[in-house]
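The structure appears right after this line, and notes come after that.
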Amino acid sequence: MPDIRPLGDRVLVKPIEQEERTKGGIVLPDTAKEKPQMGEVIAVGTGRLLENGQKVPLEVKVGDRIIYAKYGGTEVKLNGVEYLILRESDILAIHNEK
Amino acid sequence: MPDIRPLGDRVLVKPIEQEERTKGGIVLPDTAKEKPQMGEVIAVGTGRLLENGQKVPLEVKVGDRIIYAKYGGTEVKLNGVEYLILRESDILAIHNEK
Amino acid sequence: MPDIRPLGDRVLVKPIEQEERTKGGIVLPDTAKEKPQMGEVIAVGTGRLLENGQKVPLEVKVGDRIIYAKYGGTEVKLNGVEYLILRESDILAIHNEK
Amino acid sequence: MPDIRPLGDRVLVKPIEQEERTKGGIVLPDTAKEKPQMGEVIAVGTGRLLENGQKVPLEVKVGDRIIYAKYGGTEVKLNGVEYLILRESDILAIHNEK
Amino acid sequence: MPDIRPLGDRVLVKPIEQEERTKGGIVLPDTAKEKPQMGEVIAVGTGRLLENGQKVPLEVKVGDRIIYAKYGGTEVKLNGVEYLILRESDILAIHNEK
Amino acid sequence: MPDIRPLGDRVLVKPIEQEERTKGGIVLPDTAKEKPQMGEVIAVGTGRLLENGQKVPLEVKVGDRIIYAKYGGTEVKLNGVEYLILRESDILAIHNEK
Amino acid sequence: MPDIRPLGDRVLVKPIEQEERTKGGIVLPDTAKEKPQMGEVIAVGTGRLLENGQKVPLEVKVGDRIIYAKYGGTEVKLNGVEYLILRESDILAIHNEK
């Protein structure tokens, strides 16, 4: 696991490939204008800083499977694996299969 | 029902098809520039976070039938069913028929 | 009367046709770049939520005749009648004839 | 006088024609990119709502002669007379001749 | 002196012509993309209203000679004299020669 | 080490060349639309000033290896060495190898 | 020294020519998209006004050598000398050589 600490309200995510996703039962439409993606949370930042100085912890935690807006974030590759650094506001929902 | 927890002020919605809507008595004009849609709320986020750190619960609840602005949200398909993830600010009104 | 509860600072309005308006004495110029409209308030939202968590009730109430900016809002048709859902900020003035 | 109550920080204004204005001694240049206008305040809103919930009364009052930015506001005609609904932020100055 | 009360954080300014300015020792470059101007403060508004409801008096006072950004403000002509109505944020500095 | 004190929430960064980075195990994709970069923090500002007057210290400290968005910041060269001045909001994560 | 008092968070700066800068050891790249500049602080404003009414003194003081973003500010020439009026937010760092 890479030693990366995202800053503030940022999250390090390992994208889940389309093939895996189909096994999980979820299919994301090809035609959607703003195509969402799934991923697993690998590391989370210290939280979102409000204008009153309060630090609010993120809603997602390490291990959560999330759906996020595709256009968001920045890609990084570490030891040959591709990750994504997102802001929490680019995350739409948590989707933990039981 | 899918196990999806929307984040913050987001809501998971199951759109209601045009045919069903006509039965319910409501008709949405084809000519409207900004065409509204109807749907049923399936899951709601934890609420909207204000800059003073207060978390405000959403006005809509699971089971509500809502009217929302069409341009908003992101589509996801789960077990063959299409859903939409919206922010509460994209919801115009609650329309619960009695 | 439709069972529609607008969200937050939104208002459900029944537009008043140009013909009726002329009887009321008000004429809105055709040449105005940003053409205002008149309508009757049918339902109001719970109020505007401020960043300090306070909910402020709307200034307009059910039954008020209002002047609103034309470009605003979203049209919905219910039982064959056309309505408009506006934010209160799209309402310019209350014009109750005595 | 029309029974119109502007909303919030809005003001109902009766524009003063160019001819009248010349008599008052003020001439507004034709070449000005952003041409100001003069008018008389006919009705004022309840005030500007701040994010802390405080309502701040407007600086202008009924009867004031004001200078306002031309691009602002919405025209309405009532009983054959043209009025303008402005936000207070579109008003530049009060110009009461003695 | 015209009886004009600027609103809020606005200021009434009498521009100082290029010829006068050269006598004062200051020369403003012709080539500057955003060309500043000099003027004398004739009247000031009641102050800037903050979101916490506090009214903050302006830093400039009547009689101050100021440097302001050229693009800002609105021109008005009164009794044949040209004035400018600016917001305080368009004023760059006070330049009172001794 | 240059005597440069960044202002506010700014940070002075020495970029780490692509060659060095490969040794560290991280590879940043050439095809990424918004290509991230790595660097070492050389100096940090006094912190971010909130609207309530509170000064919040930066999350990064001198010596941290960081990943930052490429488009951000301003280049300066000092004694023949190239540095970058970034805002903390342009920093995505801390990546300290052990 | 010119008698100029910058307003609010503004600063009067005397740019340092490229030739002088090279002597100081700093070289600013010609190819940088957003080319920084060096200057000396000649006068500072009263501070930045926050929305809570607090006035925050500037971080720079008279005599500081600063690096600033080139695109910012407005040029003024006084007694044949060129100055620049900047907001503090256009200043990147303080660079005082010992």
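By letter and in written order, the chains are A, B, C, D, E, F and G; residue numbering begins at 1 in each of them.
As a convention for this text, a contact is a pair of C-beta atoms (placed from the backbone, for glycine too) under 8 Å apart; a residue touches a chain by one contact, two chains touch by 3 or more.
All figures in this text were calculated on a predicted structure; none of them were measured in a lab.
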| item | value |
| --- | --- |
| Set of chains adjacent to subunit B and to subunit D | C |
| Distance between chain centroids, defined by C-alpha means - subunit B, subunit C (Å) | 23 |
| Centroid spacing, where centroids are CA-atom means, of subunit D and subunit G in whole angstrom | 41 |
| Touching two or more other chains - residue numbers and ranges from subunit G | 51-52 |
| Chain order around the ring, beginning at subunit A and proceeding next to subunit B | A, B, C, D, E, G, F |
| Subunit F to subunit G touching residues, read off their complex | 2-8, 10, 12, 46, 49, 51-53, 74-80, 82, 85 |
| Interface residues, subunit G side, partner subunit F - complex | 25-29, 32, 34, 36, 48, 50-52, 54, 56, 59-60, 67, 69, 88-89, 91-98 |
